[in-house]
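Two complexes, one shared chain (subunit A), two partners (subunit B, subunit C).
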Partner chain A sequence: MATRPADIRPTRGWRLYDPRLAWLLLAPATLLIVCFLILPILVMAVYTFFTFITAGVEQSTPTLANWHEFLTDPYYHGFLFKTLRVGVVTSLICGVVGYFPAYFIWSTEFKHKWLLLLLLIVPFWISFTIRTFSWIHILGEEGLINVALLRLGLIDQPLQMLYTEGAVIMGMVHFLLPYMILNVYVSLENIDRTLISAARSMGCTNAQAFREVTLPLSLPGLAAGLLLCFVLAAGSYVTPQILGSGRDALFGNLIYDTIMGQLNWPMGATLSIVLFLVLGSVAALYTRYMGMSQIVKGLGG
Partner chain B sequence: MPDRVTEPSDPRPLAAGVSAGASAGASAAPAVEFNDVQIAYGKFIAVHNFSLSIEKGSFVTLLGPSGCGKTTLLRAVAGLVGISSGQIAIGGRRIDDVPIYKRNIGLVFQNYALFPHKTVFDNVAFGLKYHNVPKADIAPRVARALEMVRLAGSERKLPSQLSGGQQQRIALARAIVFEPEVLLLDEPLSALDANMREEMRVEIKKIQKQTGITAIFVTHDQEEALSMSDRIVVMSAGKAEQIGSPTDVYDRPATTFVADFLGKANLLAATVKDRDAGGVSVTLSTGQTVRVATDRQVAAGDKVSVVVRPQKLAVGSELPNRLSGRVLSTSYLGSRIIYEIDLGQGSIIRANVAVVTEPVREGETIEVGFDPADCVLL
Partner chain C sequence: MSAAPADREGRWAWRLTRFMTVCVYIFMFAPILATIVLSFNASRFGGFPMTGFSLHWYGVLWQNAAVVTAFKASLWIALVTAVVTTIVGVLTALALVRFDFRGKEALGTLVILPALVPETILGVGLLILIKSIDQPRTLTILILGHILLALPYVVLIAQARMISVRRVYEEAAMSMGASRFATFREVTLPLLVPAVAAGALLAFTISFDNTSASLFWRPAGVETMPTQILAMLKTSISPEVNALGTVMIVMTVGIPLLGGAIASALTHLNRRKSREDAR
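Coming up: the complex of A and B.
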C-alpha cells in the first residue's frame, strides 16, 4: 500500500492490509474458478477445432469444419433464434408481471414486510425439477384444467397445452419470477422516499410522481431482472426438456442431444461456446450501460 | 403572484374569532394559520393542540429537539400527513381537504431530495411544468431562479456533480421558482459542514427577504433560529412552549425548558421570601438569598426557579446578587472563561465571564454575581 499509516509497523514481515494477505484470502475462490470454470471453457474452446470421426470418436487434427457447419446450417440458426425469442418473451413477461408485486411489497404499509419477501423465497425450498413437473398435472391431457373444462362441458377434446412453447415459457416464468421481483424490489427500496414527497409538493399527482420519479429510478432493477431472466431462460435445459416437445427444444437441449445422443463432442463444444458467447455478449452490453452491481444487489435480496 | 392559485374549491374561511384580520379581506389574512392542530401517528400523538398565526412575508422558525414534532408540522402544511383535529389555513383558505399537489407550497428537505436522474435544469423546471407554466416562460424563470442562488450556468449538470451546498441551493431554487405561497424548510442546513452552513444561512435569509415569501424554517440549532427568524416557536414533545421574537425567547424564556434549550441557562431552585415594589427576594436551595426584578405575581413560600444565563454572571463582589462556590472546572477561551461552579447541595452553575484578572483555578472558591434585572423568575 502506497499510503500506509506510519503507526502500522511491519510484524514479522506482514502488515495489516498486506496485499499478500488479500491474495491468500482470494486464492481458494480464484483456484476454484480457474479450475472448474475457466479451464473447462478453454478445453471446450479447443474441442471446437477437433475433427469428428464417428459417434464417440474424435481426432485432435485441427479443423474448422464444426464452425463451418454451425455458420452455414440454418438448422442451428433456427434453434438460436428460437432460443433468443423464448428468452426475450420470458423475460418481458417476467418484467411486466413481476413489477407489480415488487411495487406492492415496497409500497405496502403492512408491518411484516419480511413475511412477503419470505413468501418469494419459499418456492426455492422445493426442488426446481419437482416444481416444473407439477405443471404436467395442471396442463396435461388428464391435468387439472382439461379435466375441469371437460367436466363443465366447455370442451369435448382435451386442449393441447403441455409440450408447447407456451408451456415452456410458463414454466420458466414460474421459475424466474422471484428473481425479477427481488431485483425490482431492491431498486425500489433504494429510492429515497422524500423524492416522491418532493415531486408531490411540486404539483404531481400520485401517478405523475410515479412516472417522473419512481419508475425511472427503478429501471436499473428492472433491467437487471430482465437480463437475469433472459440469460437463465435462454440457457435453460430442464424446463423445455420436461414441458416442451421435440419441436420446442431450446439451444440447451440441442447441445445435450449433440453430446449425449450423437456423441459428437466437437460439434457439442462448438454449440456450447456459441451459446456462451451470445449470452456473454448480452450480459456485457448490459454491464456497459447499466452496471453489474445492480444484479448483485438483486441477488443479495 | 402564483401562476395558478390553489383552486378555491372550498374557500371556507377559518372559524371566526381566530384572527382579527380574517374578515378584512384576503390580503390581511395570515399567510399560514394553525388552529388547535393535533396530529397523530396511530395512537401516538406527535403534535398537541398547536395554534400559530404566521404573517405574510415573515420568517418563522420551529425550534426544538429532535423528535418534538417539527417535521410532522411541516409535513401537515405540505399535505404529506393528515391532521387528526383542528385546521390549517393558507392565505385564509382551509386546506384540510386540498390534496397535496394542489397546495401551492415549496419544500426544501434536509437531504436536498434532488431528482438524481434529472439535470439541474429539469429539477428546477419540475415545479413550473406541473404548475402549467407556458413552455416559453420556463427557461427564463429557471435561469432567474438559478441566478438568485448564484448557480447560473449549471443547468446541464446532474445533482451528483455538485457539492452539498450547491445541491441545497438548487433545492432552494427548485422550491421558490414557481412562486409558492409558503416556503417550508426542514433542517436545510444540518447536512452541510459548518462553514457552508453559515454561508447558506445568510443566503436563505437574503432570498427570503428579496422574494418576500413566507417561510417556515425547522431546526434544532438555536443559533440558526436566533439569527434568521422574525419569530421563533420553541417546541417540546409536540407542544409549543413559547412563541416570540428571538429576543423574547432568549431573554424572557417562558418555561424552564425554553431557558435550558436556548443557551443552557442556569436554573436555580428557590423559594419566594417576600416581594416589594422593585421585585422579589428568593431563597435559593443553597441558602443564599437573591433579588429578582420581576412583575410576576408570587406569594411568599412559592416554589420558583431563577434563570440566569452564564454570560450574565460576573466575577467579583460589586453586584447585588452574589453566589459563592467551588470551581469544578474551567475552560479558557482567550477573552472569556467558563467556570463550572458547585454551589453546594448538588447545585452546579456555569459562568461565562470576561477574563480581567488572573483566572481562578479548579478547587478554589469563587464569588460570582448578577444583576436583579439580568435574570428571570419562573
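Coming up: the complex of A and C.
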C-alpha cells in the first residue's frame, strides 16, 4: 500500500480505495444478512413473549408463559440435555477417529495424496439426505450386517440397530467426519516440519516428537473441528428423523414439531432462542480462548 | 522428512494410524456403495439380499412425475443461487480484501455468521419474520435463504484467492487509464476465475442439497429434491429411492469431477500451446 501510485487520480470525486465504494460493494451481502439473519433472530426473540391462543394463532400481548413453561417443564430439559450429550459424544468420536486419517494424509509419502484429500471432499457433494438414508442399508433389518450375520448363522433374529440413539450418532459422525479431518489436516499443514526434524535430531523418538511437538501444534485445528461438529450435531434434526425412533428426537426435532406440527409459534420461537443461546455461548467461549481465525480456515477448507 | 518411524512404539502407532485411516474411508463410502448396488436390485424391497440385476427401478423413477418436478425445481433454485451468490460473494470479498474502512473486522465476521448459526434456527427465524409481516412463503424467499446459506463459503473462497492477487496489477491498469470496471473485468476477474468457478459450484451444491432450512422455507406444495426424498422415505425404503439416490450421486459427484478434469486438461493444453508459441 505504501507504493500506491500517485498518478491514479480520483474519478468523479471517488478516491481509489474509497470507503464509500467498499460499502457499496458490501451492500448486497449486508442487506441480505441483516434481513434474513439478524432481523429474524430479533423478531424471534420478541415472539417468545407472545401469547399462544390456539394452533397457528397468537396475540402480541406480552407474557412470560413460554419462558415459564420452558424453565419449569422437565420435558424440555430432558431434550436439551440429551441433545447436548449427543452433540458432545458425536464431536468426541469425530475428534478421536478423525485425527488418524488427518495425520496419515499429512505424513504419508504416498504419491497420490491428492486422491485421499479429494475423497474427503466428495462426500460434501453427495446429498446429505442420501448419505444419511444409506445407513439403513447397513444397519437395517435387511441391512448388510444383519443379512450377513443371519446367513452365517451367528444370529437367528435380526439385531435392532436402526432407530436407536447409536444409529443417530453414527449417522452424524458419518456426516461430520470430513469437517473434522479437514480441520485437523489444515492445522497439521501449518506446522513447520523443521520443528519435528529438530526434535528428532535432539534425540526424541518419533512418538515423543509427536506428543511434544505435533500434537500440541495441531490442537487449534482439533478444537475448531470439535466446536464445528458439536454445533452442527446439536443443531441437526434430519439425521434423528431418518435414523432415530421417536425417542431419539433431538432439540431440533422438538422445534420442528412445535412449529410445523402444533403450530405453536411462540413456544417454537422460545425453543429456538434457547438453542441459539446455548450453542452461541459454547461458540463464544471457544472464540474467547481460540479466536475466530481457525474456524475461518476450517470452513475455507 | 521421513514418515517411516524407526522406533518400535512409533511403528505400532503408524500401523494403527494406517489401519484407522482405511477404516474411516470404508466407513465413509460403504453405505453409499450399498445404495448404488441396491439400486440395481430386481427385488421389490429396498434392502439386501440382491435377487438379481435390473434397471427396472430407474424406469419407475423416470415415470414418477413428483420426482421429476422436484428435480427441476431444485435445479432452478440451485442455478439462481449459484449465480447470485457468486456475484455477491465476489463483490463482498473485493471490499473486504482491497479496502480499508471502519468496521471491516466486524463485517468479516458478520459475513461468515450464516455458516455458524444452526440451520434450524435460521429456518425458524425467517419463517417467523415472514409470518409477523403476513407474507406468504415464496420461491424468492427460499432462494434468498439459500443465497444466505451459501454466501459465507463463496466469500471465504474468493477472499483466499483475492489475497494472492496482488493489487499492483489493478493499480497498473488504472494508472494507464483503464476505468474501474474495465480493470475489474480485464485484470481482477480473469485472475479470480478458479475461485469464482469453485465458489459457484459449491453454492450450487449447497443449495441443491439443502434439507433442514428448505423444510421450513419451501412454499406450500413445492418440493425440492431433498424434501422429496425425505417424503419418500416416510413410507418405506423402496428400490426407487435407491435409484434416485444413485442418479443424484452420479450427477453431483460426476459434474464437479468432470469440470475439474476439463479445467486441468485445458490449462495443460494452454501451457503446451504457449510453450510452442514461445518457440
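Going forward, the second predicted complex is superposed on the first by the 290 of 301 C-alpha atoms of A that agree within 3 Å, B and C clash if a C-alpha of one lies under 4 Å from a C-alpha of the other, contacts with A are read in each partner's own complex, and residues count from 1 in each chain.
By definition in this document, a contact is a pair of C-beta atoms (placed from the backbone, for glycine too) under 8 Å apart; a residue touches a chain by one contact, two chains touch by 3 or more.
Bear in mind that the values here come from a model prediction, so they are computed numbers and not experimental data.
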item	value
Which of subunit B and subunit C A:S236 touches, first, second, both or neither	second
Touching partner for A:T205 - first (subunit B), second (subunit C), both, neither	both
Partner chain in contact with A:F100 - subunit B first, subunit C second, else both or neither	second
Touched partner set for A:L217, first subunit B, second subunit C, both or neither	first
Touched subunit A residues, subunit B compared with subunit C	C
Touching partner for A:S197 - first (subunit B), second (subunit C), both, neither	both
Residues of subunit A that lie at the interface with subunit B and also at the interface with subunit C	197, 205
Residue ranges of subunit B touching subunit A (in the complex, touch as defined)	75, 78-80, 99-103, 105-107, 109, 111, 113, 115-117, 126-127, 130-131, 174, 178
For the subunit A and subunit B complex, residues of the former touching the latter	192, 194-195, 197-205, 208, 212-213, 216-217
Residues of subunit A touching subunit C in the complex	3-5, 7-8, 11, 16-19, 21-23, 25-26, 28-30, 32-33, 36-37, 39-41, 43-44, 47, 97-98, 100-101, 103-105, 107-109, 116, 119, 122-131, 133-138, 140-144, 147, 174, 177-178, 181, 193, 196-197, 205-207, 210, 231-232, 234-238, 241-242, 252, 255-256, 259-260, 265, 268-269, 272, 275-276, 279, 283, 292, 295-296, 299-300
Touching residues on subunit C, where the partner in the complex is subunit A	1, 3, 5-7, 9-10, 13-14, 16-18, 20-21, 24-25, 27-32, 34-35, 38, 45-49, 88-89, 91-92, 94-96, 98-102, 104, 107, 109-122, 124-129, 131-132, 144-145, 147-148, 151-153, 155-157, 160, 168, 171-172, 174-175, 179-180, 205, 208-209, 211-212, 215-216, 225-226, 229-230, 233, 237, 241-242, 245, 248-249, 252-253, 256
